[in-house]
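In order of appearance the chains are A, B, C and D, and numbering begins at 1 in each one.
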Amino acid sequence: MTVVIIVNFKSYEEGTGRRGFELARICERASLDSGVDVVVCPPLVHLGQYADELSVPVYAQHVDGARVGSYTGHVTPMSVKEGGGQGTLINHSERRMRIADIERAVAECRRVEISTVVCTNSIGVSKACASLAPTYIAIEPPELIGGDVPVTKAKPEVISGAVEAIKSIDKGIEVLCGAGIKTGKDVRKAIELGSSGVLVASGVVKSKDPEKAMMDLVSGVP
Amino acid sequence: MTVVIIVNFKSYEEGTGRRGFELARICERASLDSGVDVVVCPPLVHLGQYADELSVPVYAQHVDGARVGSYTGHVTPMSVKEGGGQGTLINHSERRMRIADIERAVAECRRVEISTVVCTNSIGVSKACASLAPTYIAIEPPELIGGDVPVTKAKPEVISGAVEAIKSIDKGIEVLCGAGIKTGKDVRKAIELGSSGVLVASGVVKSKDPEKAMMDLVSGVP
Amino acid sequence: MTVVIIVNFKSYEEGTGRRGFELARICERASLDSGVDVVVCPPLVHLGQYADELSVPVYAQHVDGARVGSYTGHVTPMSVKEGGGQGTLINHSERRMRIADIERAVAECRRVEISTVVCTNSIGVSKACASLAPTYIAIEPPELIGGDVPVTKAKPEVISGAVEAIKSIDKGIEVLCGAGIKTGKDVRKAIELGSSGVLVASGVVKSKDPEKAMMDLVSGVP
Amino acid sequence: MTVVIIVNFKSYEEGTGRRGFELARICERASLDSGVDVVVCPPLVHLGQYADELSVPVYAQHVDGARVGSYTGHVTPMSVKEGGGQGTLINHSERRMRIADIERAVAECRRVEISTVVCTNSIGVSKACASLAPTYIAIEPPELIGGDVPVTKAKPEVISGAVEAIKSIDKGIEVLCGAGIKTGKDVRKAIELGSSGVLVASGVVKSKDPEKAMMDLVSGVP
């Protein structure tokens, strides 16, 4: 199992444009210095732009279920691949999808060979999504997202419960967790609970010192 | 009044990745050679990537109404601006929006100073959207989109009717039309009917000879 | 101009089932006693059930834009009419719609001859919706909905501004307002500001004494 | 295992208002005469109205995930229960839902004790939804819905495959199938393939002789 830290830039001002690119560079340096896998998820319009310059994997924040064709304003897995993306978030709590579209998106990402991180809000939905065979499932209790208490502290049983439920369906799926993750200690705890890494957003992007925040996060990986 | 030709790449394979970029170059050349304003709308993930290289304006295919913040997978007007985009389609028939979100998107685009093309399906919706004061309103009867008969021939009265309805609300809004537009003759007719230009997609992107298609289109501008 | 008071039961427990029906009876009595027009909007599944028994008009809380056909789970204007409904809310802040669907819904309601109350969140959206010619437009600033300060006090200029904007497009549309409305005094103020009535929800449905709340509301009508 | 035939009235004109009620009576008679369980799904606004009069179970065509509260225009499980409904379709192909909402809807229906029929479009989605533990899962390949070839003939392996996948997760879930079902022969085949019944819509509602169609359908139950 390889641990991964996925940094979601959301639509934060600090994660957009030139500032967002500087932030991506910080993530890249933390990865290169520590040897820990770090993935960046910039705003959609920057995906290709950033991917052209970075050595760490760039993931999309969202893809639609569509293949190619008359889908104006949709994000297709193929366009992510062609733009230089190596994976994508799917069904993030700020961009929930219909289940038939999740199945289609995961299948199309598999076809074009990019990784999938299906985000879920509960153990039940995690188990359900395991049947769709994504690369990762990331459990994030919505009420903790953007907050100050990490999921690893507030609801450790949700992480271990999701790991158990997901693995009962498909042992090949890696489990991530997120919501309130900010420190290396949180990362270590997440791994102890059976996950393969974390999703982090405001903890890095809105930090006064993103470089320090990143270095702390990667330090939590054993 | 300056005539504009907006080329929507949708999620067509021919408009994605390297092929999409070559297509954008063809559009750029047609614009430079003819002096006609041409705008390209590539898939969202390519927006910044293409805008870094092109001299013609690049528009997004869609923006959400959000400003900045916790909006994973949303396309903010600010990210389009920062990515190098000069405008955006809004409410395309393949990506319809709620009216409150259209108002928010148009207002936020105005704030960050990028152009807005609100797409509509009828004279009634065109008139309604005129009250939101976008830069352009583009009327496209849904049943003609992607078809072989241009709107200028099938429903010329819809274009002239939309022009009249929109101008009765706000004379400053330019009117575009689309659906089935393929030739310079269609462009000329669109202008005669009172519009300031056209939206074109399959007519160029799915053409066997996109260069010829583009040269024909720009030739229709008086 | 006839003043109307529309009572939206939302999905409140107090507005559902037998309790909801008793509440509808209270609204009916207040109307009969005072001579003021009162409309009730029960949960969708109760529409026909309540309409069979009541003498006051029953409106749906929502309709979709569909006519008849393969639309499982959609609410068609024809079904509302056939169920005994005399009108419907459209685009309520808790059930926002796409603009093309609003146009379709209003047109279909006109065809089957039921009234339409298009709800809006701003003066701009109110003006836009006026071009679609509904029976009523109801402006409700979202941030005041369900709160303790009535819109008539917090933002009187939004009501008078909406009245002016709507009437500039179509003098035949009556304007309503809502958000935080609880007393007869609020109703009187709403009428002074140029509206033809109010939308009220928690002020009646969540009241400890709905009968008293209703009698107070109707007392505000001159 | 008890076989059930669920008749979905959709928004067909023949299934609305007085005509819809006569159709429900026909379904009721077929059930009483044959002893086969028949369920009717009328348009939402008729649910309580019809349930007050009928002896067969009435199901809603759709419920939202909301419990009670400020949910204008949403259909809550509690309102279905209070209106006299005994169950509901969820995630029908004409009313797809987000996975987190399906989980919430199923859980809330369980709490208020009404049955749930989660509709799915593929074996993968069926398996996924099995983890949410609804009463029934109904598989309906979208391309066959409303058509002339029954799913039992066109894609028998999808039904048996769904049965196997669903039972591998939760043996307690009964499996239904639908799309193109019209005759007693189709019903018999559906049961042979391991399902516990069918969803039928146009085959009855749009039939020239709904009574005959119903009698034929129930005759297929062993």
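Just so we're on the same page, a residue touches a chain if its C-beta (ideal position, glycine included) is under 8 Å from a C-beta of that chain, and two chains touch if they have at least 3 such contacts.
Every value quoted in this text rests on a predicted model; they were computed, and no experiment measured them.
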* Taking A-D as the reference interface, identify its repeat among A-B, C-D or B-C, namely the pair sharing over half of the contact pairs by residue number. => B-C
* Taking each chain's centre as the mean position of its Cα atoms, how many Å separate chain A from chain C? -> 43
* To do: Round to the nearest whole Å and give the separation of the Cα centres of chain A and chain B.
  => 33
* Asked: Per the centroid of Cα atoms for each chain, what is the distance between chain B and chain C, given in Å?
  -> 37
* When you check chain C against every other chain, which residues touch at least two of them? -> none
* Asked: If each chain is a dot and touching chains are joined, what shape do you get: line, ring, star, complete or other?
  -> ring
* Complex interface listing, chain D residues touching chain C -> 8, 10-13, 16-18, 20, 41, 43-50, 52, 60-62, 66, 68-76, 78-83, 85, 89, 92-95, 145-146, 201-202
* Considering the complex alone, what residue numbers of chain B touch chain C? -> 91, 96-103, 120-122, 124-125, 127-132, 165, 169
